[in-house]
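Could you have a look at this structure, given as C-alpha cells, before my questions?
Chain naming follows the written order as A, B, C and D, and within any one chain the residues start at number 1.
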C-alpha cells in the first residue's frame, strides 16, 4: 500500500465507489458539480464543490446523480430527508457547517425524529457532508466547529475523521448506514496526503482509535486536534512521560469503552476539542469519565477547547483561537507534576 | 408580600412593566395578540399567545407594540435582530423551543456574532421568550428542552427560571440587558401560583441560587428539576443526609463560583437536567467541576438527564422520560453510601 | 385522469364520513379528558383530502400537517391504528410514540403528519425527486395550510420542485386562518394560487367545499405531474368546523361575511346531495355508508380503549436503525 | 426624489471609481498573498450600489452581502478602515475581527456585509420595522444576489415587509450567476422582479449597467418607501468583472450571448461618457475624480499595511456588551 492521496481525494473516492456500488446513492448540494444547464459545459462540472471535493463525479455519474441545487439549504436538505425516507441514499453537502442554521429543522425535528415518532417504521439512510474548522482565515461565519452541537441530537450520528484513511472508510460506512450520519471534514486537512487503499473499505462508526499507547496520561482528540496531541506526546516522551493518544473518530455516539479503559490505565485525562467550550463533546466525555471513570482518576480532567468567542478574522487572533500544543503542554505538565516528583 | 400569581402571569407582568418603562420594548410573535386586522376585534387580542402568556398586552399597548407575525420564524426573529441592532428592544416569542430549527441562523450566525464581527460596534438588546419541557403530552416536536443547545453559542445568554418570582425578575433583567438573552419557560410550570411582588424588580442574570443549604451532597438543577431535587432532599433529610440544592437559574453563562463553593463543602455532586444527555448543561457543569473542583470531590459526579431519545407521546413513556425523584434518590444513595457507613 | 364514477364516489363518500365521524368522536372524547396533548381536527375540510387522495395509490406519497387525521384516513391509514395512536397505545400506528401530530404509515405512502408548520414542503420535494429519479410515474401531494405558506420552506420547496419539474402537487388548505391569524393579514398576496407566477407553474384556486371541483382540479394536476410536466399549486378554500385545536374559543371568527358563508356549507352534505342527484350514489348506499362509518369509528375507539399502553422499554427503542 | 444633478453625479462618479480601484487593488494584492481568506469582489456592479445609495443619508440603513465592498463604499464607509479590515488589522472598521465578509459601520447605516447568503432579508425587515415604529421617514435597502433569492429568507422577509408596509427596498443584483450556477437554472421564475406579484408589491427589472436607470428606479422606490407606501423589488441586471471569489476559473461563463454582452459593458465608462455628454460632469472633473480615487486607494493600502495587527487580548473582547 504505497499510494498516497489527499484527504480531499479520499473523500471523493468514497463517494465515487459508493455511487458505483449502489444506484440509490445520489449527491446534492450547491455547485457540487457547478454549471448546471450551461450548454458549453454539459456534463462537465464547473466547480466540483467550493473546495473541489466532488470534482469529477458529475462527469462520471451525470447530473441526475450529482445534483446542483439553488441556495436553498432547508429545501434540499429536507428533500434529502424525504428522499432517504422513501428509499434513496442521498449524500447532500452543506458547504460550510456554519450554514446549519438554514436547515436545522430538517435535522433537529424532522430527519432525526422520524423513526422514533413513526414507531420504528422509517429508515433515514442519509449522510450529510460538511466542513468545519478555523485556520483558513474564513472568519466568524465560515470557520466554526459544530459537530458537538449536532451530536447532542438523538437519532444523529456524527463522525470527524482526522486523516485520509479514516475519511474514506468512514464516509463509505456512513453511506452504508441506515441512519443520519453527519460527516465533518476539517477544511484545513483537505490538502494533506496519506496512504489510502484503492479498494472499497469501511471504518467502523462508533469506535475510537488509539493512535499511540501510553501509561501516564490519556489525551483524547477530535479531528485534526490529533496532531496537536501527537506533538505534545512526542515532546513529553523526552521527559519520560508516556502519553496515550486517542482519536475519537466518532463524536456521537462516542466510544466510552476505549476511553474509560485508557483512563483506567493512565489516571489522567485531557480532551482537545476545537469547538467553543460549553456543552461540547469534550465536556460530554469529561462528564462521563467523571462519573463512570471517577475511581481511576489521579487528577482533574482538562478540556482544552476554543475560547467562548466567535472565530476572529485576523490571522494572529485566529491562531490563538485554535487549541495548540503550547496550551496542551502546559496543562499536561500540571497533570503529571506528581508523576515527575515521584 | 402576600399576592400570589401564576408563573405565566409573572412573565406577563414583566413584559407589561418593561413596556411601560421603555417605549423601545416591542413584542413580536405568532398570535401573541391574535386576530390582527380582524374588524370585530380591533385592539382586543383573540389569543394572547398559545398559552395566554401575553394576554392583555395588546389591549394596553396596541398592535404597534404587540405585533402578530405570520408563521415565519426566520423572518420575524431575524427582524428582531435587525430592530435590536438599530435601537429597539424587541421581545419576540418563539412559540415552542422546538421550532428553533426554523430561525437558527438568526441566533447562531447573525445576532450572536454581530458584536464580535463588527469589532464591538453593535449592541443587540434582544430577549427571545420560548417554552420547553416534556410533561404536556405534546410529543416529539413540541416537548424538547433546548436551552443547553442555545447555551453553547458564544454571545448568547440563557436563563431558565424555576419559579414565578425569578421569572418576573429575570425577564425584566433580560429586557434591560444589551445582549441576546434566551428566556426559557417550562410550559408545565405556567399554572403554579406563587408570591410575586407587584413592583418592578430584576433578578441578576448569571447568579445561581442556593435553595437549601446542606453539607453532604450538592444537587444542581435547571428549571423545574428544582422540585425533583427538593423532594429528594426532603426524603434524604429523614436519613440524616444534608443536601444542598442549587437552582442554576442561568444556564449560560452559568455561575461557577456558587457551584464549586458548594462542592468544596459537600464533596458530592448530582446535576439534574431535562435535556437530552449529551453535550448539555449538566455535562458542562460536570466537566468544570471535574477540572477546577476535582480536589474537593469525594465521589463520581452524576448527571441525571432525559434519555438519548426524542420525547415520546404516550403518557407512561413521557413520565419515564423526565428525570424523576426515584432516579435521583437511587443515585444519591450510591453517592452517600460511604457517608452512611461512617 | 379517472372520472368521478360510482366506485370513486362511494369510496370518497365513505372516507368523508370516516373523517367526520373520527373527528367528531375525538372531539367528544378529548373533552372527557381521555385523550392527552394537542389535537387539531380536520372536520369540515373533508372534500380536500378525499378529493385529492381519490387519485392516488399506495405507491403515491403525501406529506401532511399538524391537522393530519383527514389526510391519513383519505390515504388509507387504518382507523384502529390511528385511534390507538391518538390514545397513546402500543397498538397505535406509531406504537403510541408519535401521537396525533405524527401519525405516519410509509407503506401506505403517508409520510407523516407534521408538528412543524411548513415542515412538509422539503420532504415532499425529496419524495418527488425519488419518484423522478427512479423513473416511476408516482406523484407526491404536499398538503399545507394558508399559514404554512408564509414559511421559507414554501418558497424553497416549490422553487426546487419547479426547476426540477418534480411530480409534486402543492395543495393549500386555505381555511382562512392560521390559529387566530387571518390569511388576509399574514399573506401579502391576496391568494396563495397567484404565487404560482413566482415559480412559473400553474396556480389555481378552487372551492374546497365542492368535492367535484377539488376532484377535477386535483386530477388534472396529478395527471400533469405523472406525465412529467411538473408541479402545480392548488388552493382550496375551505373551513374548519372546530377551533384551531381543542379548547380554542374562536373569538376571531366573524359571525358574518365569508366566514358565515363557509360555516354554513357542509362539504359532506353537499356531496351527498350532488352525488345522489347525479346518480353516482343511491340514497340507500349513502345511508349505508354513513351507518357503517359510525360503526367503524366506534370499533376504532373500542380498539384504542382496550389496547395496552406501551411497554416501558419502548422509550429507548427506535432511535437508531441497525 | 432628488434629480441626478451635478453634485450627485460627481459623488456617484467618485464612489464608482473608488469601488473599482479598491477592488482592482484588492485583486492584485490578494494574488500576492498579503490578504488572507475569502474575498468576493464587487467590481463591475458599481452602478447598482452607487445608483441606489446616492439617495440615502447616514440615517438610512442598508444590509449587504458577501460581496459587500461596493455597498460599504457607496454607503460612506471609510476607505482606510475598510482596507485595514480586509488586511486583518487593528485599525480596521471591525478591529480586524470581521474581515471582508463582515465589514460593518452601524453609525453610517451600514448594517454589515454578511457571510450568509440570504442573511440580510430579515435584518433589513427589522431595521424597517424600527424606522416605521419610530415614525421616521428613513428607509432600508436590502441588497441581495440572484442566488440569494432562492433562500427562504427572501420569501419570509419580503412577505413581512409587504404586510407591514415597511420602508424596505429589495435590490437584487442579478449578475447571472450564484457561484457557478446560472440564475436561469436556480430560479423557476424567469425574473426576480416578477416575484413581486407573490407579495402584491411592485417588482421592476432595470439595466444594472446603466447608472441613470438604476438611479431613477431606486429613487422612485425609495420615495414610495419614505411616504409609507411599502416595499419594492428592484432587479438590476449586472455582471461581475472577476470570478465568484478570488481564484475562480470561471469555466461557467460563456464567451457569447448575454454573458458577452454584459462583459463588454463597463458601467463606469458608460456613465462617464453619458455624464460628460449631458454636462453633468466636465471631462476635467472626471479626470480629477479618477486621479483622486487612485490616490485615495493607494493611501488606504498604505494605511492598512502600516497598521498594527490586533492585540492578543482582542480575541476575548466584544463577545458580550456590558
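FYI, a residue touches a chain if its C-beta (ideal position, glycine included) is under 8 Å from a C-beta of that chain, and two chains touch if they have at least 3 such contacts.
Since we're looking at a predicted model, the values are computed, not measured.
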| item | value |
| --- | --- |
| Most widely separated chain from chain B, with each centre as the mean of CA atoms | D |
| Centre-to-centre distance between chain C and chain B (centres being mean Cα positions), rounded to whole Å | 36 |
| Inter-chain centre distance, chain B versus chain D - centres from mean C-alpha coordinates, in Å | 40 |
| Euclidean distance of C-alpha centroids - chain C vs chain D, Å | 45 |
| Residues of chain D engaged with two or more neighbouring chains | 94, 96-98, 102, 114-116, 150-153, 156, 159, 163, 185-187, 319 |
| Of all residues in chain B, the ones touching two or more other chains | 70, 72, 74-75, 98-99, 101-102, 105-106, 109, 116-117, 139-141, 154-155, 307-310, 312 |
| Chain contact graph, described as a line, ring, star, complete graph or other shape | complete |
| Chain A partner contacts - residues on chain D that touch it in the complex | 36-38, 85, 88-90, 94, 96-102, 114-118, 147-148, 150-152, 178-182, 184-187, 251-252, 254, 309-310, 312, 314-316, 319 |
| Residue ranges of chain A in contact with chain B within the complex | 98-109, 112-113, 116-117, 139-141, 148-149, 151-155, 252-253, 275-276, 278-284, 286-292, 294-295, 297, 299-303, 307-310, 312 |
| Complex contact set, residues of chain D against chain B | 61, 63, 92-98, 102, 104-107, 111-112, 114-116, 119, 121-131, 133-134, 152-153, 156-157, 159-160, 163, 317-322 |
| Of all residues in chain B, those that touch chain C in their complex | 30-31, 34-41, 44, 46-47, 50, 68, 70-75, 98-99, 101-102, 136-142, 307-310, 312-317, 320-321 |
| Residues of chain D touching chain C in the complex | 150-156, 158-159, 162-163, 185-190, 194-195, 197-201 |
